[in-house]
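Two complexes are shown next, each including chain A; its partner changes from chain B in the first to chain C in the second.
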Partner chain A sequence: MSEMWINMGPQHPMTHGLWNLRVRLDGELIKDVDPEVGYLHRGIEKISEDRHYNEVITLMDRCCYVAGFAWEHLYTIAAERALHITPPERAEYLRVLSDEFQRIASHLMWYAAFVQDIGLMSPFLYGMRDRDLILDLYQSYTGARMTYEYFRVGGVRSDLPPGFTDQARKVLDWLTPRFNEYDQLCLGSDIFHKRCDNLGVLKANDCVAHGVTGPMIRSAGLKRDLRKDRPYSVYRQLDFDVALADSADVTGRYLVRMEEMRQSVRILRQVVDWLDHHPGPVIAEELPRWLGAPYAPVGKEGYLLKRHYPKGVGFSAVEEPHGEAQAYVVNEGGEHPYRVKFRSPVFANISAARQYMVGYRVADIPPIMGSVDVCVGEVDR
Partner chain B sequence: MATPDSAEEKPRENPVLWVARPMATAARQFAKSLFRPSTIIYPYERLEDPKFRDRVEVASGKPFGVGRVWDNYRGVHSLNIATCISCNLCAFSCPDICIDMVTVAGGDPKHPKKCPQIDYGKCSYCGFCSDACPEGCLTMTTRYELSTPKRSEMIYSPEKLNAVFHSKLPMNPIRLARPDNEDSILLDPPLCIGCNACARDCPTGCITMLDIPKPEAKPGEKLPRRIWKEPVVNDSDCVRCGTCISVCPKECLFWGTRK
Partner chain C sequence: MSTVTLYSVSYDIASLILHILGFIIPPANAALTNGNVVTGLAVLVFGVILLAASMLNTILLIWWERKLLGRIMDRRGAMHVGYAGLLQNFADGFKLFRKTTVQPREADALGFFSGPTAYLVTSFLLFGILPISSGWNSGILPLSLLLALAIFSFAPLFIFVSAWSSNNKYSLMGGMRSAAQMIAYEVPLLLAVVAVVIVAGSFDLTTIVYEQQNYWFWGPLFVALIVFVAGMLAEMERIPFDLPEAEAELVEGWNTEYGGMLFAFFMLADYLRALVGSILVVLLFLGGWTMPSWVPGALTTFPLAGIFWFMAKTYIVFGVFVWVRASLPRVRTDQLLRVGWNRLLPLSLLAVFLAATLVTVKCVWPFGCLPSMGT
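This part shows the complex of A and B:
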């Protein structure tokens, strides 16, 4: 039989989102792949140019719907650097608290989807069950379960409600033994290993060449984690290890994500203890009044009538659950950012699909793409 | 290749346990299912009802309530028309531009009272409007059910939002403190013509027009044609909505720090 192209997507259980993986097959053998993205493009970068600095944060939650806090953090750091604002320390800890819970929630979501891809149904339910606890926590202090809109340029919206830290500790205590349970369900099974070992191998040098980051590069044995390499926020004060594996395959990515969740629990315990003993303001005091504050629109330049504000540019790089996300904000002195540019880690990760997919079989596609953890919202923006 | 199989390093468990453990779990779940409902018939019963909440919480062994809607949930807005001052701040702050200020009954005919009308087809529930509300009359409640057969019913008029206020739902307790270093409304005196537009449209009535002395015209010099009054802003009452700046015909009001 001659070779043929097959569309896996945009509506396919494998894709976890709206994108298309074109596969050239020779029988069962994958000869070539061609990822097609762009079905979910909403023009977030362009819309940002017409929104106040704080209003852009509502768009960041829609960038990646399973890791909204990571993107809010990314944008707020860049905007604060562009506007020359320093957030108070308690706000930084609240951000790390949100970030790390988000990392666990995102990895649990990945775990639930990934194990379902390889045919295990009950771990899916366990993953979603435990993720729900984190969403409940989020709701208790942000007021929403997925679109938080909690960070502000210069701090966060509000402080924690009373009794939050006790509940957070309960959730952490609940989660800690669960990771071993997940491992038992997957790693304890020979079927899992037969399905996933030596699959989708992408070596460290290929990762670097294609800009692949996050758990994929760490599963190849390269110690690259922005929280350690370029510490942002308060990660310098926190004690944790970088999760590593050396097999560079699907099982390696599984191991890295599981270890990352354990490390996140370790970080969260320190953060929760710190928050208990250090009350303080959660938003910077020296904020310019026009920053996201509503006012009646005046003329062409609005609030800037007869005033002069400093210009600047801000760049930030954040270790998102999927990889390294980067943002660039240009402040030309207006109340809107002049230009906002994002770098999505998943875009690079799935762009390298040809490197880790050619040579395997059709039935290997769901586990390989599942291990990449695709979030199309941030790929297309 | 590397061997990621960590199970090989650990001693394997007794295979009997591998069978016995799931069987025990299944038996336990079966026994539980005899005493609790596994399905909640949603529109008639809901998870946040106390009886279900406690039962689910206990049965699942989870740390705290499942399906609980916290008081600071950002759901449908509630509007207290009586305390609304029509300052427009909610409409200005909306990133989705889903708030329209519409006339409500009760204002005087010359300057009708305007209150927010929210299009929930567009609303993203970000809470910027309730954060911006200086009087605390626009807040968000725990109501989350909005499905209607018609799109037009997604538009909530001020009266409908007022009914939500009177339904005594739990309301978002978060009130943001106003910053200390807020800008004030400043005046560029030579440009002012004393037209009274700012004082007329100020929602809080914090602008008063005070008389200023009419200067003596020097020989050969022409005095500007104007009313000899100037606005004075009471900073403690001002909610910083900027309405006065936007209505000023001469652009003589601006934001700045009062010396």
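This part shows the complex of A and C:
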């Protein structure tokens, strides 16, 4: 068979979203790859310029549909810095609670999709089943399972419902032994090692050269985690380790994500205990009225307030489940942000596809792309 | 009539139909009740019964797989159509039947339509050969095992034809994988069968079953069983060897372009072959419809006990295939071929050697002795 290009995507089970991986094949051997994105572009950055600060949070949920909270957090930090607002401490803890549950939920979603890519059927449902418990928790305090709109510039929308922390502990107790089960199903299988060891190798210096972050860079042995290196929110007060592996391959990424879930459980136990003993306000009190109530008619007083609010810019970087996300918000004094810019970690991760795909076989594409954990919503924005 | 056989049942049905017809149309009575006419119709009825039974069993098998997979995956499987979802597959079948058959513009019509049809027909053909119970077969075929395996190995040709003619790169790759895989696994599979044939001394499936009266072959021929099951998994294209239709990278591989009834043909034929694979395991290694002598007589002498035990064993064997499917990842083409040629082939040669030893020494300790070798 002569060499041929095939389009894996935009509708293809491997893509987990809507993008196109063009592959040049010699028989089953990959000669070249060419990732093509843009099928899910919704112009979120431009739309944000026409929204109130709090309305942008709605768009953030749509940015990455499996890790909405991480993106809400990213944006709210940047917006708060641009608007010179400090959220109360309880709100910060609630954000970390949401973030870390989101990390587990996102990694479970990844686990489910990844095992499906290498042909394992049952763990797919185990992953989805356990993710559902977390979505139930989200529903109990945000009212939504995927698009939460829970964070606010200056805090969060509401406090936890009564009995939430006990429920959260129950979920954590259920999840802890599950991770070992997942490991048995994958690492315990010789076929898994045959498929995933030494596959999709991307060494640490290549990761740095291509801006690859998140579990991919940690699987290459580079200890880089924004929660430790550039602590935001209350991560400084929390005790956890950075998950590391040194094989730089698909198995390494698997190990890193599994360990991250365990560490997230560890963080969550501390957060839940803290929340039990520290009641308080969940949103900043000196908020301007137009920010506190974006849908209320803007009266003369509110108009004046927003005119006189000081200008500023805000930058934030957050360790999202997929990698390092960054946001830049420019406040020119209006009720809308003047400019919003995001950096998506997955965009960089799949841009480097040629580095970790060429030379493997066509059957290796789904496990490699699965181990990258693509979320097209944030790639295209 | 002492024993009920499939042929006697068909003969009774045929003669009943013809006598009723003769009663309705008196002038034709003599011609219709002629012995040759009755025999001819009996053969037809025989075929229809086989066709219906194999269809029904295949659909039941799909149900069994869905339920078993569901339970393993911590869910319930089909629940809503019929009792515990028993009729779900009929509903699915009707849905596929109603769908338009879409033919890709550049596809080669002859191959595109004849591929799935031939695949299904050859799969049905297998049921005419396999004995279900004593007397429940199409006749004494001295080489029935060889014939069954020959028909079984037609499949890669038809898969490749349909893959190539659908003019799709994914299909073509799936077809090539399928051909490579089936050819690689045919050899160890046949050698494992040779081990059984050496011990049983016959190619006739009925004889092979009766040769297992002292002990079933799975114990002394365990190596052959392992090779046979692995080869069967590859022939049936089930996980971990389902890479010709790997949905993750090849979008269902060689049947990407098929929809509606043609897809149903493939689906049906796949499960027919899975059923035949399980039946062959039961016939060759698990004593067919016979039960060991320590089983109480009441459990083995009720009417159609042979068929009951045979089907029970078949479904259990298929259950093991489902279990494997639920818990293993898929291997890669090169790994699959390496396993086939480097591991299974030597193992199957070992199995043949062990079988030859067994025939020479006649008696093996925990199992007992072979029955005196046939004529």
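Basically, the second predicted complex is superposed on the first by the 366 of 381 C-alpha atoms of A that agree within 3 Å, B and C clash if a C-alpha of one lies under 4 Å from a C-alpha of the other, contacts with A are read in each partner's own complex, and residues count from 1 in each chain.
In this section, a residue touches a chain if its C-beta (ideal position, glycine included) is under 8 Å from a C-beta of that chain, and two chains touch if they have at least 3 such contacts.
It should be emphasised that the depicted structure is a prediction, and the values quoted were computed from it without experimental measurement.
More residues of chain A lie in contact with B than with the other chain of the pair chain B and chain C. In the superposition on chain A, A:Arg361 makes contact with chain C only, not with chain B.
When the two complexes are overlaid on their common chain A, residue A:Thr176 makes contact with neither chain B nor chain C.
Once the two complexes are overlaid on the shared chain, A:Pro13 sits against chain C while remaining clear of chain B. In the superposition on chain A, contact is made by A:Gly119 with chain C only, not with chain B. Once chain A of one complex is fitted onto chain A of the other, the partner contacts of A:Met4 are limited to chain C, with no touch recorded for chain B. Of the two partner chains, chain B is the only one that A:Ser140 touches; chain C does not reach it.
Within the superposed three-chain model, A:Thr165 lies out of touch with both chain B and chain C [touch as defined at top].
Contact with chain B, but none with chain C, is seen for A:Thr58 once the two complexes are overlaid on the shared chain.
Using the contact criterion defined above for the overlaid structures, shared-chain residue A:Arg195 touches chain C, although it does not reach chain B. Residues common to the contacts of chain A with chain B and with chain C across the two structures: 129.
Residues of chain C that touch chain A in their complex: 69, 72-75, 169-170, 172-173, 176, 239-240, 242-243, 246-251, 325-335.
On the side of chain A, the complex with chain B involves touching residues 51-52, 54-55, 58, 129, 132-133, 136, 139-141, 143-144, 147, 149, 157-158, 161, 167, 170-171, 173-174, 187-188, 193, 197-198, 201, 245-249, 251-252, 255, 285-287, 289-290, 292-299, 303, 305-307.
On the chain B side of its complex with chain A, the touching residues are 1-7, 60, 62-66, 68-70, 72-74, 88-90, 92-93, 95, 124-128, 131-132, 140, 172, 174, 176, 179-183, 188, 240-243, 245-246, 251, 254-256. Interface residues of chain A, counted against chain C in their complex, comprise 1, 4, 6, 8, 12-14, 28, 115-122, 124-126, 129, 185-186, 189, 191-192, 194-195, 361-366.
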